[in-house]
Amino acid sequence: MTKKILEERITSNQKIAEGIFRMTIYSPEIAQNCTPGQFVNLYPRGRHTLLPRPISLCKIEDEHITLVYGVVGQGTQEFSEYTQGQELRVSTPQGNGFDIGPSLSEKMSKFTVKREGEVPTLGRSELEAGRQMTLVGGGLGVPSLVALAKALITQGHHIRVICGFRTEPYLIEEFEALGISLYVTTDSGDYGFKGTVMDYICAHPFASDYYYACGPKPMLRELAAYCREKQVPVQVSMEERMGCGYGACLGCVCNTQRGYKKVCSEGPVFLGEEVDWYA
Amino acid sequence: MTKKILEERITSNQKIAEGIFRMTIYSPEIAQNCTPGQFVNLYPRGRHTLLPRPISLCKIEDEHITLVYGVVGQGTQEFSEYTQGQELRVSTPQGNGFDIGPSLSEKMSKFTVKREGEVPTLGRSELEAGRQMTLVGGGLGVPSLVALAKALITQGHHIRVICGFRTEPYLIEEFEALGISLYVTTDSGDYGFKGTVMDYICAHPFASDYYYACGPKPMLRELAAYCREKQVPVQVSMEERMGCGYGACLGCVCNTQRGYKKVCSEGPVFLGEEVDWYA
Amino acid sequence: MLELRDKQDLRVTIAGITFSNPITTASGTFSAKESGYFYDLNELGAVITKGVSSHAWEGNKTPRIAETYGGMLNAVGLQNPGIDDFIANELPWLQKLDTKIIVNVAGKTPEDYYTVVEKLWHEKIDLLEINISCPNIKCGGIGFGTSPKMAAEITKEIKKRARQPIIMKLTPNVTDITEIAKAVEAEGADGVSLINTLLGMKIDVHTRKPALFNKTGGLSGPAIKPVAVRMVYQVRRSVGIPIIGLGGIMTGEDAAEFIMAGADAVSIGTAALLDPGAPIRIKKELIAYMERYHFNSIKEIRDGFIDL
Amino acid sequence: MLELRDKQDLRVTIAGITFSNPITTASGTFSAKESGYFYDLNELGAVITKGVSSHAWEGNKTPRIAETYGGMLNAVGLQNPGIDDFIANELPWLQKLDTKIIVNVAGKTPEDYYTVVEKLWHEKIDLLEINISCPNIKCGGIGFGTSPKMAAEITKEIKKRARQPIIMKLTPNVTDITEIAKAVEAEGADGVSLINTLLGMKIDVHTRKPALFNKTGGLSGPAIKPVAVRMVYQVRRSVGIPIIGLGGIMTGEDAAEFIMAGADAVSIGTAALLDPGAPIRIKKELIAYMERYHFNSIKEIRDGFIDL
């Protein structure tokens, strides 16, 4: 009895790029009990669209959370029409979020539940000291890296962020405000490096102790292969179409070395190593 | 190509009795092309409630129409939550309305279509001069009598209105403002005469050249039987569950001496004589 | 990357009859007179009439309509004035239109169907849609549609007697729709329409009575679309004859979905009750969809489906 | 006219087992662990587990879920760790609860079912729900549920091997559900659950592919409620054994509707995906409904139905 569906108030909801919106919600209950990489379920009001829409936490403040979402279908279209002051149905945080090292793992375990033996162990030692971390994001995978970057900085790591977009980048100023190394790519070449994030990584070799990534599956797959070759750990945040969004329906599985795992409750973050990319 | 679904603006929407709301809509297009007894279809936005809700015209002004409706289910619940300034989907006027005499019949024929031989003829001569008219309404049938009373006064008739309610009456002030004889009954006896309108009529015999009625079917049936006995014409506005509300689906029929007739496009007003009350 | 393109070619051909576009009106949800107040009927690919029977039918008592979540139930019971009245009073009016005419034929006995198709022999109409699937008629109709044997039999007999091509309208209330489709194809059906309504029921827990006088009724509207798409998909892979697809089409994208599943044309039913101009809106949306994805013809949409 | 009344008696008895209330969890939409974060599981009349098979099943590839108008499609494909894992890891946990336990049994072959029910012989569980109706398993499952003969056969054989009473879960994808219900009753089924999902399909016209990896899937949610109510109504008038009614129940009034149609208990499925606490909310709403209309027991609701 620790999870809930809340009715929370929207404090702002604005377009930040073509088809991309940023929504801020007043919710101390969520803000004080979440970690980067977790997501919330938003429940549309349009009663013919029944299922929740999972959206990652982008920024976590004392009493507010920020979500950044793209308008791709009916649910997100509806969200984009919400106005400041309106209430929306939102779940408490779901999933396990990124593993960002020992000092936070205690906090994490309060809000996430893993069966014995299921905690990823590979790469945990790498998280212990001030390391060189690379965060790789593609499109609507970029938002969840904002909260992650901030948390990793607090842990004393050195952060490099590489973000890819189709044509128009967003959230750039958020990363810049953190004072980290930022590299932007666009498919169109309209901004930054022309190409994908993987094109960029291959063209500009650099050293990195650890990778985190969120974005489209082909990007994650390529990055996981790259990291395996380099023998560097990578955590990937997987996306899958969901039914319940809280672990009851087995709708959202990801194929791993240990069989199908639920993205919503056992993910969305997995080690690149454990995902069966070609299932 | 003369009918339309309009997006019109609500100018007010207020509770006037327990569970009863009055909505005013700015719509010159409707207001200038309708007659008493016609109705409009309101289309809910809640996309799981698909079908239109027929609501009678209660008041017709130059550029506004007023609807009075009871909250009985999901559709009317939704309407009751609409606020001033909001737009709603509303059809142009449907059905034939009350036949209120020759001077208006020309106007009527512009907006309603009847097949040859289907125009009620009984009682038309009675409409020609300044007669004694009785309007009988029950519950949510009362609203449509407001517009009717006003139109009949304009025609120079003498009007008596008898309205029945469960416990709490409404629209009383509208009738009083017309300066006509008004008799109110309530089932509970909380207001006016205790009993039904038929109880009232039987208890207080009076002379009347013509009757109009709108209300629950049992009331209409009793009144029609009464009028037949008295050999006085009566026009009744029938209610039936609708599909399309414009004559396409045959969902809303009323059994008449000439077979099933569509309430939405061939009614809702019928002569008491032509309805087959015991079908 | 915008190129100059020709206007899309929306034409489709069903049983040798070419429609200007794939949009038709689902039987029972369209009245030429009443629908004609809302839009120009000539814009339709074809009109499909309300079911016509050998003699006048009264239909069921009211309530005939009930609303459900994302759908509706109807138990109209095929009220219609009979074929003679139809030919005398309605058909001449339809024949003035510049669109194709499909007459939907209803019956309780085989003879009922024969009478109607024989009386239509000399009439200028394009196609017949034979409803062997109405759930609201006690004594027959749906019976023919639920057994492959009976469906085959009635198809064969009607085919002998009809001058116009016949489209058999099938019921979804069966274990295996492909069996029925194959049976009617084997006996010479020129096409199939699917689906008719799903048999449903609603109880009003406030009045404590069935919401329909007839108790059960036919479920239609967007709620049933996934069942309809599945059946069109299955039937497309089982028979070679054309398919008119319907069941819950509300938008141009829904129409495209049916075409991808295998429909040659589509019908708009319930959508036209809640939006009288729906057939024309849906046609426009279908064109917009084709423009967006650079489809130049209905066939290109169908072929665009990636069904690995 | 308000009188002082006792608290309503919500108890219902199915095959000799008395539930504290008629609310149960539809198989496959409930996880004791995950659902238990949202509400007190002891409030349920019974828990019904996800389908359990003789060995671990992988289930289908993703996407397994698609949304439709007022409903959803799923093609999970009965992923489960198998009966041994279930008995070792899940059952002990369920047995600590103060509610009834119904284990849903899945199989592709008759032997699959036998293995599961035999392994459950010694376990403290209350009822078995035998799923002969899953549309997402290629090699079987639904096959048993679509033919009266096969349904009868499998019922008879399972009945021989099971210690607990068996509830046969039927598929709605049949021409006549009453035939199947009568067949399983004749062979000793202690009850029936209806309905499982309707077979449906969705094509994403943007990606131009089926929305589900498995192409077709099971349609559930409020969209299908009228079909479910109709089937419960028909089956109630065809057999004497108890019925667990389900299919699109979203509110307490929906639960009352199923009870009026003839259900002895109800299951909450899709509603719990969009509102994890739905079973308990629906229970409260059912109580409120009973208060409003002065029903004191579930039987009084059923008897309150006016079916002229």
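Letters are used for the chains, namely A, B, C and D, taken in the order the chains are written, and counting of residues starts over at 1 for each.
Everything below uses one rule, namely that a residue touches a chain if its C-beta (ideal position, glycine included) is under 8 Å from a C-beta of that chain, and two chains touch if they have at least 3 such contacts.
Everything numeric in this text was worked out from a predicted model, so none of it was measured.
*Asks:* Need the graph distance between subunit C and subunit D over the touch network, please.
*Replies:* Steps on the shortest route: 1.
*Asks:* From the C-alpha centres, identify the chain that is farthest from subunit C.
*Replies:* Comparing chain centres, A lies farthest from subunit C.
*Asks:* Centre to centre, by mean C-alpha position, how many angstrom separate subunit B and subunit D?
*Replies:* Centre-to-centre distance between subunit B and subunit D: 47 Å.
*Asks:* Would you kindly tell me how far, in whole Å, the mean C-alpha position of subunit D lies from that of subunit A?
*Replies:* The separation of the two C-alpha centroids amounts to 36 Å.
*Asks:* Using the touch rule from the top of the page, what residues of subunit B touch 2 or more other chains?
*Replies:* 47-48
*Asks:* Identify all positions of subunit D at which a residue touches two or more other chains, and write them in rising order.
*Replies:* Within subunit D, residues 69-71, 222 contact more than one other chain.
*Asks:* Mind pulling up the subunit D residues that touch subunit C in the complex?
*Replies:* 68-71, 73, 146, 173-176, 198-203, 205, 207-210, 215-216, 219, 222-227, 229-230, 233, 248, 250, 253, 256-257, 260-261, 289, 304-308
*Asks:* Which bits of subunit A are touching subunit D when the two form their complex?
*Replies:* These residues of subunit A touch subunit D: 1-5, 43, 47-52, 113, 240-255, 259-260, 265, 279.
*Asks:* Sort out for me which residues of subunit B touch subunit A in the complex.
*Replies:* Residues of subunit B touching subunit A: 46-48.
*Asks:* Looking at the complex, which residues from subunit D come into contact with subunit A?
*Replies:* Its residues touching subunit A are 28-31, 33-40, 50, 58-59, 61-67, 69-72, 74, 76, 79, 221-222, 270, 272-277.
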